[in-house]
Each structure stands twice: as structure tokens, then as C-alpha cells.
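So that we are looking at the same thing, I have put the structure below in C-alpha cells.
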Amino acid sequence: MPWSRDEMAARAAHELKDGFYVNLGIGIPTLVSNHIAPGIDVTLQSENGMLGMGPFPYAGEEDPDLINAGKQTVTELDRTCYFSSADSFAMIRGGKMDLSILGAMEVAENGDLANWMIPGKMIKGPGGAMDLVAGAKRIVVLADHNDKKGGHKFVKACTLPLTGANVVDVLITDLAVFERPDRSGSPFRLVEMAAGVTLDELRARTGAAFTA
Amino acid sequence: MARIYDDAAAALDGLLFDGMTIVAGGFGLCGIPEKLIAAVHASGVKDLTVVSNNAGVDDFGLGVLLRSRQVKKMISSYVGENKEFERQFLSGELELEFAPQGTLAERIRAGGAGIPGFYTKTGVGTTLAEGKEHKDFDGETYVLERGIVADLALVHAWRGDRFGNLVYRKTARNFNPNAATAGKVTVAEVEELVDRLDPDSVHTPSVYVRRLIVGHDFEKRIEQRTVRQRESA
Amino acid sequence: MARIYDDAAAALDGLLFDGMTIVAGGFGLCGIPEKLIAAVHASGVKDLTVVSNNAGVDDFGLGVLLRSRQVKKMISSYVGENKEFERQFLSGELELEFAPQGTLAERIRAGGAGIPGFYTKTGVGTTLAEGKEHKDFDGETYVLERGIVADLALVHAWRGDRFGNLVYRKTARNFNPNAATAGKVTVAEVEELVDRLDPDSVHTPSVYVRRLIVGHDFEKRIEQRTVRQRESA
Amino acid sequence: MPWSRDEMAARAAHELKDGFYVNLGIGIPTLVSNHIAPGIDVTLQSENGMLGMGPFPYAGEEDPDLINAGKQTVTELDRTCYFSSADSFAMIRGGKMDLSILGAMEVAENGDLANWMIPGKMIKGPGGAMDLVAGAKRIVVLADHNDKKGGHKFVKACTLPLTGANVVDVLITDLAVFERPDRSGSPFRLVEMAAGVTLDELRARTGAAFTA
């Protein structure tokens, strides 16, 4: 049975270590903050200029001046500080984020990531994703294993415009978890499968080569 | 040294011309110079190149300038909230230059800081780096990105003093302090004019602010109102 | 996320090695990390490359590391206050790389911001630009300057919180916030540990500060005590 | 009779216009702030990270955390703000200073300035001077007309290492004031002489060509 979005987020939360500074992308990655284990102290960065992002506010306490990178209202914590966009990305580009968790349209077996554009169709733009994959020490991708038409998302080579070349370290889908030890050409290795998923089924639903 | 004006239209008087480049602060609808944008709209100035992380929404912020067809070109990182934008772009009526958000922020900062170009890893290997100069440093490849200087910068601050020193509030800071440095002329709207700001806590020094207005009844629209439930007692 | 140590020696334990590069905040003797510099001196670590705007004076600040011959090379903009420096340099015992002050500040900021190089007009046509790559932008010539990343950054702040967020005081800020970003590891000394800093007024976010000490009895020496006379009543 | 240092500073103060942001170098330029005319509002920048620099403190009120670029104790004003060195020079390099007044060892007739180094002898360093001459909109130089041995300081071509090429707009010495309208090759023009100085004497004591 495929993992739910919350189960995927919970699995991604295992990647967070005590003391980490983490940037969570929009969508499923946002859910990861609900699954951080007790005793694991993590500081969340929001690339619009906030370090130490708290949970959503209680109804009636929303502040239009206090949003996250997904434009959602959030709250501050006792560790919070704010800074400009240039300072925020100085931090990201400068390699100070231990981890970033992002969504994907395609991940290739060489670690390429595409998640910002479908030529002629979707023109939302890269936002901060290109900066995050270039700067964060470790990139975890959370995505459905297949698209809505059953097409592959974990592919031999990306067909969509890249967000970054050779940047993905861990891929968590609703079917499985893939990981590679470094970015020097090592293949992704299957490290976990959802209960009831078989290796044959997984291979059939995957375009990328991986080791099991 | 800022001069204080009665309203946004007065503050922009003489500064607007067709074909000009405007850089605006704000992220989404947070911290956008809403009064100044409305006054640019009312002025009818056209063929604008607008540098801003986002393009507002259809009926608020920079979206109103798109709807009125005053914008020729946007330089942005993300325009996903704006349907009219998508329509104009896909139909070829609007030019668009995408920049990664951090590259955009740094390009604006660089422009303000007299730096015409800098190298970054961001975007290397993507279409956004195509046609740009690449260079290796210590075995890694970087792409050259250009500083941005605009004819006019529009920013929204929380508090200002009569000299033009500015302080921003929470995540409404975002691109504002960077934009404030990158205009040949910078106009700021503030929510409150105060006698004295803490000199250790000023975000934008007065040297950057030529004109200032104190706005009232800001809309400050929330794009995604997300809340949590109170735990029951 | 900062861990708080009992004293400067403890905070530097395991971080020092011969031949390393250290970037230090401070301008003249103002805002220098005096406790941490003293601990580097006491450690005996040698062959240091030190990146700092100035070199202290003969018996205080970085001057003590020069006197004890722990420094192999300085990267600075101005070393005019230090006789021992001049002696060692003119006798060939010390390497020196001069950078214009603004270029030095920007190189440190760039290093911290993941920018390996940037172009500036500063220094073009002078000996400090010789041998460096030049490039024209919009008809003007600029010189390529490199970002600086150090093995260790040492900074002095006024107040810090337990997470490592820092605030500097008046002109003791100077190079400190820039240096704080440019170390592979950053150690800060603060005058006061507080429960909570105003989140809009933090100068150095906690992500940059790995280790922290609360110092006591700072000397904070004044280099040029200049005063004016009170007008008689 | 040659002008005194205070007279030179007073003459330089005429270059300050209402609303100007100005950076004053170390030495004689520092004296200029004593001669700003009433009604002329000028904001002084100190490149170590201060805008809105006030006068020296009263005895007993010196603050080691509050110094100018000459390392002298100063005070703050109601307009003052502080910033980092990188932000300070972003301001300077970005062209926000209307004027900078600096000292000189040599000024050449083509506008070159040398004021930071004597090879093999003096190794103080450029400090912020190279940034100021590259960034400020207008550069005024205050210097004695001749060195202590009577040698020329306003010369045909600089012999000392340059601080900046083609950067000086106004030269104020103890004998005269020279100015040029722009930096596109126009020669310096003599605009004022100290009382009792003759043009012949001035030419004899000057290495540079200038128009009178």
C-alpha cells in the first residue's frame, strides 16, 4: 500500500538531525515539520527572510507581515530573527542550510532535479528552488512515485528544464526511499519500500536505474 | 535625506516616464509598496520593466499594472499567483526574465552596491544560465549574473524617521531593503513616522531614501490564511 | 545553533591548527574579539593567515599575535598603527596582502554568501588590481575580486541569546557581521547573554554561530581619545 | 600668505551643499566639519559603519564602541544609524556619497591621486580611500601645495602608487584652488589663490599644467 502524504512526510522527518537548520519547500515538504521527533531540535528557515519559523497562528492571530515562503501565515518563536531576501539567500548560497526538502516533477538517476517549469504550459518560475539545490548541504526530494497519468517521475534523464544538475541526495516517494552516498556518480540505492510494494512493481513504475 | 510628501501621487511626481525600470520590494503580497504601486497605476505610465520577486495577484499589487497593460517586461522569480500574467505571457504580450530568487535578490543588492556582476553556482546547468558567461573557481563552475540598477525603487517600510531612515517589520522586510539601494531614486511608504529610531536597528539608512510618504489604511492583504486549532482545555 | 562555553580557551578547543586562516571582526581596536584573540595567542598556534581590516597595536588585539610571530600572512586594508608589523614586513618576515577596505569587506561578505568572485571599480588602475582579471561592463572597466572563506571566524558582539543570535553595538559592529558569515566555524564572544533579542533587530542570525562565550572585564581600549570642551555657561 | 589648515578646511566646506552625504578623510579633511555654514544640512558618513556622525564627545563621555574611521571617539546624532563594513562600502561603491574630501601625497594633472603608499618606506595601506575615490560622486583633495622639502605634490604624473586613476575633481592647497568640470580630459583650472600669491610663484611651485 502506498504511503500517504503524511507518512511520506514522517519518513522525510527522519532525515532531520538535532541542531539542523532546514528549509522546507512548498507542498508536502511543509508537512514534515509536523513529524519532527521529540528531542530533535530543528530550526526552520523560510527563504522570504525568517529563521526560526513557528506553526500556523491561531485563528484571529494571523499577521499579514508574517508569512512563509508559501505565502501562508505563520508565527514566530523565541529564537526567531528576520532578515532581507539578499541576506536570506546569502545564508542558503553560502551553504549554511544543513538540509532542504523539496518537491519534484522529475528526478533523474544522475541526481538531476526538475520542478519549476513545463515549457509552454506552466510558467510559475523557480522561486528559491534553484538556490536551495545549489546551496543546501543535503537535498531530500518528496514526490509521488508516478504522475497522475501513471508516467515516470524517477527517470533515466529529465525531460523538463532542470532546477539543478546532480543535486538530489535522497528521494522519498509514496512507494519507496532511494538514497545515494555522494554526488560523484554513485547510483541511487533502494533503502526502503512501502509495505506490500514488490521490487518488480517498483522497477516497472520507475524509469531510473537504481541498485536494490 | 528624505523629503516628506502628502501622498503617493505627489511623491512620484516628476519621477515617472514611459519605458522606465522600476524595482519594487515585497514577497507575494507581503510588504509590497501598495500605495506607491496604486499611484503608478493611476499615473498611466507605460512600457515599464518591473523588477519584483512576484507579480502580485490579478487585482492587487503589481497585478493591477499587468491588467492595465502598463508592464512591458517583468524580472521575477515566481509568478504563479497571477492568472493574467500567465495569459499575457503565453500569448506573447509580456516579456519575462526569470531569475532564481536568491540570484534576483543578490542582483538587486549588487546593483545598489556598485557591483556590476558576480558569480554564483545557482542555476548552473539550467536554462536560466544559458548564454551567460561561466567561470571555474577552485574546480567548481559558476555563472556570471549582473547587478540591477533601476530608474526608481519603491519600498514599503513599517517605521521611518524624518531623515528617511527605515525599519521593516517581520517578513515584510524581504526584498525591500535590497530594492531601496538599487534605485537611482528611491521612494518609500511607511506606516508610521517616528521621532527617533534605534540607531543600531535601522534597516535602510537615510542616504537611500529620497522621498517618503506616510500611508493610511493599508490593505495588507493575506494570500494564504492558514491557522491551527486551539488545543481544547 | 550556538553551544555556550565557559571561556575562550574552551570555545576554541579543537578548532585551531597551524597554517590555518582566521578572519576576525573589528576596526582598529573597536569591536575586536579581544578574549578570543588572547586565547589564540595562548594556544601557540602558528603560521596563521589572518584576515582583518587592521592588525591591532603592538600590545593589544592582533598585534600580540604578530609580536609572538604566530602570523605568517595578513590580509588587511590598513596597518598604520602597528610598528612591529611594519618592521616584520619590511624585513620580509611577514607576508601582506593589501585590499581596499570596501573590497575586503565585500570579499568577506561574498565568501560567506557563496559568491567566489565579484567585479568592482575599486582599485582599477592601481597596483592592487595588477595581475587580476579585468572586465568591461557598460563601457566601464572593473576588476575581479575573490570571496574569502576562512577556517575560523572570530567575532565580538554586544548581546547574544542562547541560540547564537547576535547584536552589535554602535561602530563596534563594523566587520563583525561579515566575518561571522565567512568562517567554516564561527566563534563569538558577547558582553551579555539575554533571554530574547528583538527578532527584527538581530544582526547575525544564529545559523552562523557555532560556539559562544560570555566575556567579562573587556578592556575595550580607545585608540584616539578625542574630546571637545564644554561651552562655558 | 599661504592659507592655514583651518582656512583650507573652510574653503573645502564651500563644496558642501545642503542635503549632501559626505565622507571626510583623516587629517585636514576632518576639520571641514567645523566650517559647515549655518543652514547647510550635511550628513557625515564614517566608513567604519556610521551615517550621521556627530562631534567629539565631552571629556568623560567617550565610548570605545563609538569611533570614526580615524579611530577617534565621536558622538551620535538624532539621525544616526550604524551598519556593517560591507553595507558601508556598498553605500560608497554604489555611488550614494555626494562628496568625499581626502588628503594627498600627489595629485596629477590628469586627476590621478596617490595617497596611500611610499614603496619601501610607508606601508600603512589604502584603508577606504580607494573605495571612496572609485565610488563618491565628487572628490575634493586637501593637501599642502608642496611637500616639506619644497617638492611638487601637484605634478605632471604621479610617481607614487595610485589610489585612483582620473578621480580628483577639486584640489585645494594652502596656495590655491584648482578645479576641472569633468573627468573627460579637461585640464584643471585655477579658480582661487591665497592672498599675496602670484601666478608666477604658483607655476614655479607646481609640476602640473593648469589653466589660469
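Think of it as A, B, C and D in the order they're written, each chain with its own count starting at 1.
Operating definition for what follows: contacts are C-beta pairs under 8 Å (C-beta built on N, C-alpha and C of every residue); 3 or more make two chains touch, one makes a residue touch a chain.
Everything numeric here is computed off the predicted structure, so don't read it as measured data.
A.B. asks: By the contact definition above, name the pair with the higher C-beta contact count: A-C or A-B.
C.D. replies: If we tally the C-beta pairs in contact for A-C and A-B, the bigger total goes to A-B.
A.B. asks: Just give me the whole-number Å value for how far the CA centre of chain B lies from that of chain D.
C.D. replies: 36
A.B. asks: Rounded to a whole Å, what is the gap between the Cα centroids of chain B and chain C?
C.D. replies: About 32 Å separates the centre of chain B from that of chain C.
A.B. asks: If you average the Cα atoms of chain A and of chain B to get two centres, how far apart are those centres in Å?
C.D. replies: About 27 Å separates the centre of chain A from that of chain B.
A.B. asks: Touching two or more other chains, which residues of chain A qualify?
C.D. replies: 76, 82-83, 89-90, 92-93, 134-135, in rising order.
A.B. asks: At which residue positions does chain B touch at least two other chains?
C.D. replies: 106, 109, 113-115, 120-121, 168-170, 173, 199-200
A.B. asks: Treating touching as the only link between chains, describe the layout with one word: line, ring, star, complete or other.
C.D. replies: Contact map by chain: other.
A.B. asks: Going by the touch rule stated at the top, which chains touch which?
C.D. replies: Result for touching pairs of chains: A-B, A-C, B-C, B-D, C-D.
A.B. asks: Could you list, by residue number, the parts of chain B that touch chain A in their complex?
C.D. replies: Chain B residues touching chain A: 27-31, 53, 76-81, 86, 89-90, 96, 98, 100-106, 108-109, 120-128, 158, 168-178, 203, 220-230.
A.B. asks: Help me check something: in the complex, which residues belonging to chain D touch chain C?
C.D. replies: 46-50, 55-59, 61-74, 76, 82-86, 88-90, 92-93, 112, 120, 123-131, 134-135, 161-166
A.B. asks: Under the touch definition given earlier, write down the residues of chain C that touch chain B in their complex.
C.D. replies: 106, 110, 113-121, 135, 137-138, 140, 142, 146, 167-170, 173, 198-201
A.B. asks: Can you list the residues on chain A that touch chain C in the complex?
C.D. replies: Per the touch definition, chain A meets chain C at residues 19, 21, 41, 43, 45, 51-52, 76, 78-83, 87, 89-97, 134-135.
A.B. asks: For the complex, give me every residue of chain C touching chain A.
C.D. replies: 1, 109, 111-115, 161, 163, 165, 181, 195-197, 199-200, 202, 205-208
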